[in-house]
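Two complexes come next, and they have one chain in common, subunit A, joined by subunit B in the first and subunit C in the second.
On to the complex of A and B.
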């Protein structure tokens, strides 16, 4: 019978699955295309015959072999890690301290500074990289991967601080106060009570920091020109696009491998992202 | 165990003068309750004692130490918050042990104290749980447990029962009272609920707009309120107030207004003499009114019209009109009246209250 609760539930579910399915196709198509292209032979990639959505002339790992043997992919990977790990650490330490101070210490002008910090984030990279080029030059860091360690936090810290201010504000003040009354000093309270409770917020901020640092393209392209100092994003592109010759197979293979670390990080951290962690600390 | 002294205590926020010239001596082992309407400065006062709020002016002494500049951890106090403020990522055991760990107690001593407190509060079987797995009442017990394991000099409570449902609140109230009798630790307890204040406090401090209105034992506040505010705040249903003129007739003082004429009883006559020809506020508690019988003197009785009848089982609350005045009477459950009926009421002359119209002080 149409209109029975059961039938209506089935209909609703079908619609939901339909919408979710459409979204999945939309968002998973680019990775699929990358994987597909990276496994095709060059002839097939350039061929106008047949159906492009499947591999017809046999799969090959040639592009992956070339990536590791004929380009500096491993050097880029190492540099990306060397830049991203300290960038995330430094940015998180600064953001946490700034956000804690701005959200909890309640000094004069804290609100204005909090908003100001966020506005800084809104200035686009493409405007900033020219003046920053002078700054990096002045610091003697041109053509060094460490230039990125200076530049990335300027984009990450404002946003993470703003994000954390919001999250910290949702943590009841009584929690800090209870710890202080219980005998903790400010630092113990921060490390043993406040930050553990703020873990979901910290994870969100960490993911953001990692993503910005790992996927940054403009700054490494602008500041670094030796292959030995280059990172994954700019490195893959500069070494696989020679003039107007695009090595599509290699580009796709490199892009796919480069996007694995963020995917793994997300999957790993989501497990620890227990939403509602603060539930139960205060009233129902 | 210790006494707490507040001397000329003041707290100013940017806009608000939240606590004004508070002077209070909380005696050793005393259970003192700060009560007053929301925003009257109770919490602020308590938080200054805790060290969570800076003192604008004045001095706080705990035991024999001035604590103005001591951080909370060095004041040897424990606090129970309205929202419990349990650490959500820790088990009940760790919640209670945290304060002792911070103070570097040996493991065995911590286990013993937490065990003892859990037994007192009946939460032994909850020790491995996380706060989110507890009911409101259980969370409240854990919050209390976290305070008592510390054996502090002073307990501070900020509306600890106001998030519980009515039944649980009454039960926890009794338990807190028993707990205090057992531990004999000085306690300062903040609430907006006058029933809680009256039942728990050895002495009660009534506050309003940052000022202390009166300090006294519960029954003293009830029978001898210092001013109109205290009189109206303590007691439920609240005291009836009426603007009346003081007149002189037949060699006796009377107070009267439209629909009401009552002789001033001898106990009040002396003090009220000065108000002859002026207006004062008359206060009558609902429980000091009863249905008049033929034997009642006309000097202390008056006619009313019943407006609303609220039978509560053990008693009946009557909303009445006496002339222009609306008042509430609390009468025996056996009284049979209907709305809009006439009813003659008698009052207890020695329990009348009079207040100065301007200063609102008791006369």
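On to the complex of A and C.
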């Protein structure tokens, strides 16, 4: 029994929406459950009665209030911002300069460096955190948030450089040779010609730098042990858990708020985010 | 990349014949290119040499020392690890975790990409956007959310299981279920990356291929088998290798959910190295554990590079 093409198309669509729906439940249940828990009263979280998947005894902002008044959450937030802003700036400056030089100024070894950059991008943080722990100790930066400013660029710069090389390579060479004849120096050329054309790439690279710096967990966990120096990820995981009594409401409020900046950035700049994410595979 | 273009080389060669002041200036500038290039790349090179290459060799050096880092003990740390049951458990967990997680992420990611690709274009944006949320949330923090989901008495997962007539599980306390739980979170986190990559791949397949296969009377399964999959072959291979590296190096999920427990059944190389090197203070042994990851990473990286070279040439 074969239906009309139109009926078959409708059936296909229904199946597709069913599958997409199932994926959405899987993907979005954890954040939903976190948000729900953060708004429930402690009595409701502990209660074994009723349906846990909705709020039945009224929502409360108590966990959020407590987070700001009774925990070090604001200290972690401040430290995360203090680490992330200079990390992003330094990483972007290094990446832009290197990408410009590697894509335009042919010099001996540029090709080898380009390949090297890509290989370094593949090095995960859990491979080198132990020697880096010793290096950070040698620099006198153990238990300081500034240790992160030293190590995060190693995770950010290779990818950003590689991404920007791709963007710069798409700018026609006639443009910079004309500028050179007009007497522009390399700095002027980079700022006036390359950066304006590569804005989408710069945004994608900046988002990547921000996300890596904000979400990093292993390095702060390994290098920092004082609450006053800790950043949001490691701080939320290690110190908002008090003894044996898990403050689920407060914990989820903290985890959710700390997750918000990258999620918001993503929500507003989704297309740039995705272009950066897929650059590796589609350009490849 | 980064080669002097033929035009520039021609200017270079022809210049000495007729040297006008403007040409001379241009010549100097072109010669200074190399110097400027090296100066501009210097921060990158220093960063890679100082904070990646040097730590790598330093890790090898550290792994050859005794616990107090006072004496050279050769390969004793590696030999010691190979005699320990816990270490072999870590190897087993890492292998199972990585292979199962990568396989499921690829299957689910491809399925979702194909399904979204079939939907009307206007809606695709929304589904694609929502799908990426697990990937965008900081993993340590979403793992905290999963930790609470897995809580056995007050949380959602067991409540739903009981509702459906199954017996509740103590997710993170039983070895099998703990491994399952950790793998599930990794699949949740990584599937969006596969989906978005495959979706970009699907969009780049020329529509004519499908049209001509439709004329040949190919059904949906045949189109998938003979058009879509061959066209995505390279992207699939690169994502699998790339994900193998990232998944093998997983740290956040295990550290937050189980800290390697119960009885070391969920430790991966990264978390076990952390436990030994940072938490217990045996830096050389921790460095040795991390280094066991290196051969797998190197082989994957080699094939990724080859795959990329092949598709660009």
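Simple rule for what comes next: the second predicted complex is superposed on the first by the 228 of 284 C-alpha atoms of A that agree within 3 Å, B and C clash if a C-alpha of one lies under 4 Å from a C-alpha of the other, contacts with A are read in each partner's own complex, and residues count from 1 in each chain.
Keep this in mind: contacts are C-beta pairs under 8 Å (C-beta built on N, C-alpha and C of every residue); 3 or more make two chains touch, one makes a residue touch a chain.
These figures come from a predicted structure and were not determined experimentally.
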(request) Please work out whether A:151 is in contact with subunit B alone, subunit C alone, both, or neither, and reply first, second, both or neither. (result) second
(message) Looking at A:197 after the superposition, I want to know if it touches subunit B, subunit C, both of them or none. Which is it: first, second, both, neither?
(response) first
(request) Identify the partner contact of A:5: answer first if only subunit B is touched, second if only subunit C is, both if each is, neither if none is. (result) neither
(message) Applying the document's definition of touch, where does A:58 land relative to subunit B and subunit C: first, second, both, or neither?
(response) neither
(message) In the overlaid three-chain picture, which partner chain does A:111 touch, first (subunit B) or second (subunit C), both, or neither?
(response) second
(request) Determine, under the contact definition given at the top, whether A:123 touches first (subunit B), second (subunit C), both, or neither. (result) second
(request) With the two complexes superposed on chain A, say which partner A:175 touches: subunit B (first), subunit C (second), both, or neither. (result) first
(message) After superposing on the shared chain, does subunit C or subunit B touch more subunit A residues?
(response) C
(message) Is A:188 touching anything from subunit B or subunit C once the two structures are fitted on A? First, second, both or neither.
(response) first
(message) With the touch criterion stated at the top, can you tell me which subunit A residues are shared between the subunit B interface and the subunit C interface?
(response) 177, 180-181, 183, 185, 277-278, 280-282, 284
(message) Could you list, by residue number, the parts of subunit B that touch subunit A in their complex?
(response) 50-52, 71-73, 77-79, 81-89, 98-99, 102-103, 130-134, 136, 139, 146, 150, 163
(message) Looking at the complex, which residues from subunit A come into contact with subunit B?
(response) 172, 174-175, 177-185, 188, 192-193, 196-197, 199, 276-284
(request) Please name which positions on subunit A make contact with subunit C in the complex. (result) 12-13, 16-17, 19-20, 23-24, 26-31, 33-34, 37, 45-46, 48, 52-53, 93-95, 97-98, 100-108, 110-111, 113-120, 122-135, 150-151, 153-154, 157-158, 161, 165, 169, 173, 177, 180-181, 183, 185-186, 211, 214-215, 217-218, 221-222, 233-234, 236-237, 246, 248, 251-252, 255-256, 258-259, 262-263, 266-267, 270, 273-274, 277-278, 280-282, 284
(request) Would you mind writing out the residues of subunit C in touch with subunit A in their complex? (result) 1-5, 7-8, 25-26, 29-30, 33-34, 36-38, 40-41, 43-45, 47-48, 51-52, 54-56, 58-59, 62, 108, 111-112, 115-116, 118-119, 127-134, 136-142, 144-146, 148-149, 151, 153-156, 159, 188, 191-193, 196-197, 200-201, 204, 234-235, 238-239, 242, 245-246, 248-252, 255-256, 269-270, 273-274, 277-278, 283, 286-287, 290-291, 293-294, 297, 300-301, 304-305, 307-308, 311-312
